[in-house]
Amino acid sequence: MSYRDIFEQVKAGTLTVDEALEQIRKFDAEDLGFARIDHHRTLRKGFPEVVYCEGKTPQQAAEILIRLAETTDASVMGTRSGVEVYHLVAQMRPEFQYDEQARMVYLKRQASPPVGHVVVLAAGTSDLPVAREAVLTLELMGACTTLIVDVGVAGLHRLLEHLDTIYAARVLVVVAGMEGALASVVGGLVDRPVVAVPTSVGYGSHFGGLAPLLSMLNACASGIGTVNIDNGFGAGYLAALINQLGEST
Amino acid sequence: MSYRDIFEQVKAGTLTVDEALEQIRKFDAEDLGFARIDHHRTLRKGFPEVVYCEGKTPQQAAEILIRLAETTDASVMGTRSGVEVYHLVAQMRPEFQYDEQARMVYLKRQASPPVGHVVVLAAGTSDLPVAREAVLTLELMGACTTLIVDVGVAGLHRLLEHLDTIYAARVLVVVAGMEGALASVVGGLVDRPVVAVPTSVGYGSHFGGLAPLLSMLNACASGIGTVNIDNGFGAGYLAALINQLGEST
Amino acid sequence: MSYRDIFEQVKAGTLTVDEALEQIRKFDAEDLGFARIDHHRTLRKGFPEVVYCEGKTPQQAAEILIRLAETTDASVMGTRSGVEVYHLVAQMRPEFQYDEQARMVYLKRQASPPVGHVVVLAAGTSDLPVAREAVLTLELMGACTTLIVDVGVAGLHRLLEHLDTIYAARVLVVVAGMEGALASVVGGLVDRPVVAVPTSVGYGSHFGGLAPLLSMLNACASGIGTVNIDNGFGAGYLAALINQLGEST
Amino acid sequence: MSYRDIFEQVKAGTLTVDEALEQIRKFDAEDLGFARIDHHRTLRKGFPEVVYCEGKTPQQAAEILIRLAETTDASVMGTRSGVEVYHLVAQMRPEFQYDEQARMVYLKRQASPPVGHVVVLAAGTSDLPVAREAVLTLELMGACTTLIVDVGVAGLHRLLEHLDTIYAARVLVVVAGMEGALASVVGGLVDRPVVAVPTSVGYGSHFGGLAPLLSMLNACASGIGTVNIDNGFGAGYLAALINQLGEST
Amino acid sequence: MSYRDIFEQVKAGTLTVDEALEQIRKFDAEDLGFARIDHHRTLRKGFPEVVYCEGKTPQQAAEILIRLAETTDASVMGTRSGVEVYHLVAQMRPEFQYDEQARMVYLKRQASPPVGHVVVLAAGTSDLPVAREAVLTLELMGACTTLIVDVGVAGLHRLLEHLDTIYAARVLVVVAGMEGALASVVGGLVDRPVVAVPTSVGYGSHFGGLAPLLSMLNACASGIGTVNIDNGFGAGYLAALINQLGEST
Amino acid sequence: MSYRDIFEQVKAGTLTVDEALEQIRKFDAEDLGFARIDHHRTLRKGFPEVVYCEGKTPQQAAEILIRLAETTDASVMGTRSGVEVYHLVAQMRPEFQYDEQARMVYLKRQASPPVGHVVVLAAGTSDLPVAREAVLTLELMGACTTLIVDVGVAGLHRLLEHLDTIYAARVLVVVAGMEGALASVVGGLVDRPVVAVPTSVGYGSHFGGLAPLLSMLNACASGIGTVNIDNGFGAGYLAALINQLGEST
Amino acid sequence: MSYRDIFEQVKAGTLTVDEALEQIRKFDAEDLGFARIDHHRTLRKGFPEVVYCEGKTPQQAAEILIRLAETTDASVMGTRSGVEVYHLVAQMRPEFQYDEQARMVYLKRQASPPVGHVVVLAAGTSDLPVAREAVLTLELMGACTTLIVDVGVAGLHRLLEHLDTIYAARVLVVVAGMEGALASVVGGLVDRPVVAVPTSVGYGSHFGGLAPLLSMLNACASGIGTVNIDNGFGAGYLAALINQLGEST
Amino acid sequence: MSYRDIFEQVKAGTLTVDEALEQIRKFDAEDLGFARIDHHRTLRKGFPEVVYCEGKTPQQAAEILIRLAETTDASVMGTRSGVEVYHLVAQMRPEFQYDEQARMVYLKRQASPPVGHVVVLAAGTSDLPVAREAVLTLELMGACTTLIVDVGVAGLHRLLEHLDTIYAARVLVVVAGMEGALASVVGGLVDRPVVAVPTSVGYGSHFGGLAPLLSMLNACASGIGTVNIDNGFGAGYLAALINQLGEST
């Protein structure tokens, strides 16, 4: 029952003012939630519902994923998920899929073709799991996506080979561990928004991703927004929102 | 001399193979450089040339700003600039302006009216200098910008008052010190890209902005990209690039 | 206009459903705001309005303090305030006072006598400014407060002298720099809530208060809540809220 | 033998001055110890005896728990305990219970009904183990406790649904990982003491709970005391002490 | 061949100046080495030879321990050693012993009775492995040692019970995790050197022992020297050297 | 009035039991203090009373120093003191002295000649202020002290020149900034206790003394106790306590 | 096909200008790559191609190694490689070798004899794996290499024994954990470049190699360049480049 | 008196064995020093004697500089020196010079022309002071040096313009603040040793140079050695030693 329903019923006399007030009281918060959803439904078409699986028991994660699959008609995705969550989910809902590299369990429900163009660059092969998480998120959110791998700055020519693709992007995602310099170099080449994802690929004074994180936050190139270490999902999500802006809104 | 020119001359015999090789070796890099500038000039129309003034002597900063003003027809801006840079610049180029709060010296050259809509939210009055730097950058880059101040999460209702404006934004910039929770709350309300700027407003275990920086990087809301502590300019620049995408490109 | 008003007018036909929906949309947030204020006014009697002055210009701080003094009948306090804020405020409102040690400008408006009993313990003389900020906050919030100074754990007997006073407290505030061990020792002596305030008094590996902060967070005694380094105001505020619970509510 | 006894015997000549001095020297400390226990026994009725099991062998932990169960008539609890401790304890004392989520082994001995009202809010499902530790501690300490789960700030409406319960609390415990912004938002809504518990739920620049810890210590809302990362027990203990103050003492 | 030998031979003409120079050049270093050993042999009588086993393969560790046992007549000890090192050593040298708690494999060779008095205080049961490492080191170095356990500052009276023993010590070792406040309290009670050992017992913002380490380095009591986190051996070694000074030297 | 006095008067009937109890009640804590003082007076002969002046106003510091000078017959010292404290003190007590390099104001009261032998080694000229603070503390505590300067490990031969003096020391204090390697090298040369003092001399990744602090805590040589960064006083105090043990006690 | 080949064919008419341009377009980047390789081939003779195996699946790592072995005639090495990579590689290419200590899989293809002289010093036995990685890298890059082990500064004479070898080196690599003081001491002895490698050998406040890393960066001796913690490969690579300079170039 | 002198005199009988031994004992260390100096004098020709002026009083610094100028015939340099040191030195020794940007006071004594080729690259104008310190050090040590400024990675083409110069270098010094990515990019372009110098140019999460320091230590390109933040002198010194190796030695 929406706000409009309530008002119509009050006007029609099928709901007293007191009943309406009672309804509103409970409804308020949910309503704020649902109102937000309603309001944005058209914009958000194709936006998946997301579950962060780490720290939840496989049972908890699976239950939430299945409930979401039942109550929405959007895609559904569970990030940082072990394969055992997928096994539990797939027993009930075999249409779910699992991507081992991205550690993501998901249900793809997408009618309209992908739009725009997002380029995801992964500095090295070891950064692939995080990059793949970004790519999969972008695809579930309806973005046309290209993945370019192994273009670290230690061999600039490998990056420069892809200049055409890079210049054609509406927004770019740069995934890099080690010192994360790729974000600066790419940011210096393009005049499009760059989403930078530091990864935990490295050792010693890398401190689990601190080195590329600081590197990206301090990049001398402008136009770079950084997300958390290894947060391929977050980067994909942000890039998808930006990519969407290029559509006639 | 382009690649084609070189090949034609080699074919014609007016260039020996060794001369061609010599030519290529130098050419490669410069060309890449100039090509980039040429190629993007039209796209970058309206994008200001930017000078980071900190760590430069006022003389150095002023000289670069004036040279840029002479050699480009874009706006020119100097960030983190003391007033003495402005005084030096203004002697030569009185059309430059200075914004004391944003600590920015700039020359505005903009023909076309501002486009899109960027909302800049500052959690507290103390965050204003950073927010102002973002706003000024956005304006110099042609973005239609609204600034909302003093909407920290300790008084949610003050934020919720502005929901209409917030929902109308194409992209949002959230400027917050202390614990930086505003980014999470705003990120949870909207489905538009959010650029988060931690500020150094705080003390003790704030560690010069580390607290809101970590807070923003770990925000439970999706769709947030973070820039460096106190980097109002960087946030404005990124938001302007994103805002631009909403135009028919 | 309340929810009830809206429903009554919809029922009466003086508001169309669409007008009502428009009304609700804006109203939602403001209402939540004002409802909170209304709802809590009576409970919050005697709670001061607080301005964090650091990072604001003296003019900004003074203006906010004066506006608060005019629009509320509660006490008003400005923390981390230089004396120049006081001078600006006192020109307009001579009834304001300034405490140099606590760096606080305030207007005391309290009818009812102080209640309960809060004991503030400062480990050393150098911790006095922070302790004084806590004491002044407590007094402005109506708590009966005792300050005990120079009872660091290097001379346990000095602390044990005050056992009677310590045991009589409803809640205790422990202010300590150096290694902050006083919080553990006091926390081990009493069965009342202890609010611990690390201070930046120390040097070297003290890292501006990190040492006592970690010490207090890891205290082996139970019943201790920690606030930010040098945050005497925050400790006083929390202790006053706790102290208040001892009154018949 | 009390001080008075000693003086009487010295006066009576049954104790020489030297014997008295010897007596005093030993007596001083033990007496202070036992005096404290005696003095507070009545006040502390219902407070459990607590054993920190981590770092102890299961045998050590079990032995201490059983000895406590034998020598006191209070509840007994072992925190951070593996199930093997429980198995050892239950062989001797089958009335002990084990809570797997909270990792707590405990013996509940409570006659009087729970008092007051403590609300524990957990930002996400992954924060449940820590929240459960707080709830169990509160219950063992005689506090009437309500647990609200999955009210992170990324979906404010879910939190606002529970406003009635939140406003009814005497003291609140906020358990949150990620960026820990829930503490600030709740602290801004209520005028009651808030105990904030950062959790290690997160990854990358979360640094094992550092992000929400700093966030909570720097919260722009007042009235918040923070405990150690993942310290659900400590939060419950402090909240129980505060909750107790609301009873006629 | 000593310096004297060389000079005698040069004088006698059995060594030319150039041969002597050559001799000296190599000899210089070895001599400095052996000279040191010779010079101090008598003083160091009873000082064990020590092997740090972590990071070595069991084979490497065992081989070094056995070689030491063969080439010196002092005690031999291997710290941070797994039991598999012991098994390898014991096959060859069954007189070696293993202490599981201290993770030390050792060969005790001591004629003279222990001297002086070192008191080792362990704050909690969980600190016992580190404390035991200190005690065992002290005993192997000939110090008369007393271990007192579970005297954390959360229950001061338990510490004060042992005042007699504490005052009788020539030097004290304080082993404490959590916030490490015990070092400050003990340091404030005595006028003897205190060696403080932070342990990694704790969690969350304990950061693997950083909390008590900083606490001990910033102790407000004087006369405290700190060793590395969990370095029971180092503390025992230093305390043994200090204890030795009390003997007629 | 001591315990003995009280007992004697009770025995003599000049004090009733109740008066004695009253006396004891106040006296207890002081007594614990004074008892400790009495008990150790002979040992502590020559131990100065110490005031940490930083964070105190010059007036506060001066007042405490003068009061100490009046109530004890020991030496008195104020550490980390500006010259203005000295000026205030000297007006009342011209026998006080000031050491500008060590930033110490002190009153020397020493009858007996210095004992033992402490060698203080300063790695570089820039470490002299900290080293001087250690030396002055040692002298005020009655230790015979030698200062050796500019013996950093980058020129080993400068250190080795002083081997005779180094081997003759009962205890050594090593003061070093930069990487603090001197502590390891000295610790490897001697079999005496070494007190290591990291200094803040350095820049960049020195992080205000963190580099030598970690270096000293992780020294591969045994027998080293570390004090806080720049804590020359603390090192001197600890070394004096150790040096004292070498006297017939 | 090289640039020269293209030009020759264009000149010869076997390639049209358009075909050449097409060729160049793809070739450009590769060419920049290969050109770089070609250009430097003679210099780089004997320089291995290197694969960082960590974070790659064994299949990925093995595939890249084999492809490199097929497409170049240089040596090939895979660092931080588990033995399972070797097993996969060896099935296809049995001429590959595996060094378990250095965790390196490699194919040695070297005609010319090793040149120059690099001395690798390992402070302790536990530092051997990192030192071995450096040595193996140096050997694969054609450097004549000597390894000296167990020369920590706690026993200076053991280091000084090797002075002849040390003075004979063209460049030195110092591998040290704990406090890493060996780099300073060696740097002070020689006037040759020193490459310092901190290792993660240590515990507690060692923080995984931070202690020796900071120590080496702050070394008071000049002429030291530092590489990442445990980066034996990087140190060997840099040292080999430096060593190469000593050959007639 | 050298070793040889002593032997000759012993042989000649003008020195007894005991006198020789006495001589040797003192001499040993100095000798080790002088021997080292003698031995390397020819190699070190042109190597300046260096004084670190920070933390020294101007008088101390000036005195040491003048003494060095008198006792050696090498160049003399004082790093991190204020102009007041220069003024003091110049009064006595007017041939000293001062470089304000590099903050270096120096006396140049060089006969032979500079050798080799070192290229110093500074990422931005703000990095110039550090770069200048490196250049001046290199020049005083006899290296032929080229400085290239403002070649940050945000504008790759500016860097690539200088490829010829870069490829011609024997060794390169890269000076960069912000994220320090220039080191990786340059390291990927060349096969020569690269000395990387992070600078403190930056703000916020730059943490005084930590960002580029970690970036350089984790560079994905091989062949890079890193020195301390802002340590232009250290980088120049190391590069000069490496550059020297290219000469016929």
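Per-chain residue numbering starts at 1, and chain names A, B, C, D, E, F, G and H are given in the order in which the chains are listed.
The definition used in the following text is that a residue touches a chain if its C-beta (ideal position, glycine included) is under 8 Å from a C-beta of that chain, and two chains touch if they have at least 3 such contacts.
All of these numbers come straight from a predicted model, not from anything done at the bench.
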item: Far-end chain from chain C, centres as C-alpha averages; value: G
item: Chain pair, G-H or B-C, that carries the greater number of C-beta contacts; value: G-H
item: Where chain B and chain G are represented by their mean Cα positions, the distance between them in whole Å; value: 40
item: Residues of chain A whose C-beta touches two or more other chains; value: 28, 32, 36, 124, 155-156, 160, 189, 204-206, 210, 213, 217-218, 222, 228-229
item: Interchain contacts (touch definition) - all pairs; value: A-B, A-C, A-D, A-G, A-H, B-C, B-D, B-G, B-H, C-D, C-E, C-F, D-E, D-F, E-F, E-G, E-H, F-G, F-H, G-H
item: Residues of chain H that touch chain E when the two form their complex; value: 3-4, 7-8, 10-11, 13, 17, 20-21, 24, 28, 32
item: Chain E - residues contacting chain F, complex; value: 32, 36, 39-40, 43-44, 47, 50, 167, 170-171, 189, 191-193, 195, 213, 217-218, 222-228, 233-234, 237-238, 241-243, 245-246, 248-249
item: Chain B residues within the chain C interface of the complex; value: 124-127, 155-164, 177, 201, 203-206
item: Of chain B, residues touching chain H in the complex; value: 25-26, 28-30, 32-34, 36-37, 52, 54-56, 60, 64, 80, 198, 200, 208-210, 213, 228-231
item: Residue ranges of chain D touching chain B (in the complex, touch as defined); value: 123-124, 152-156, 178-181, 184-185, 187-189, 202, 204-207, 210-212, 214-222
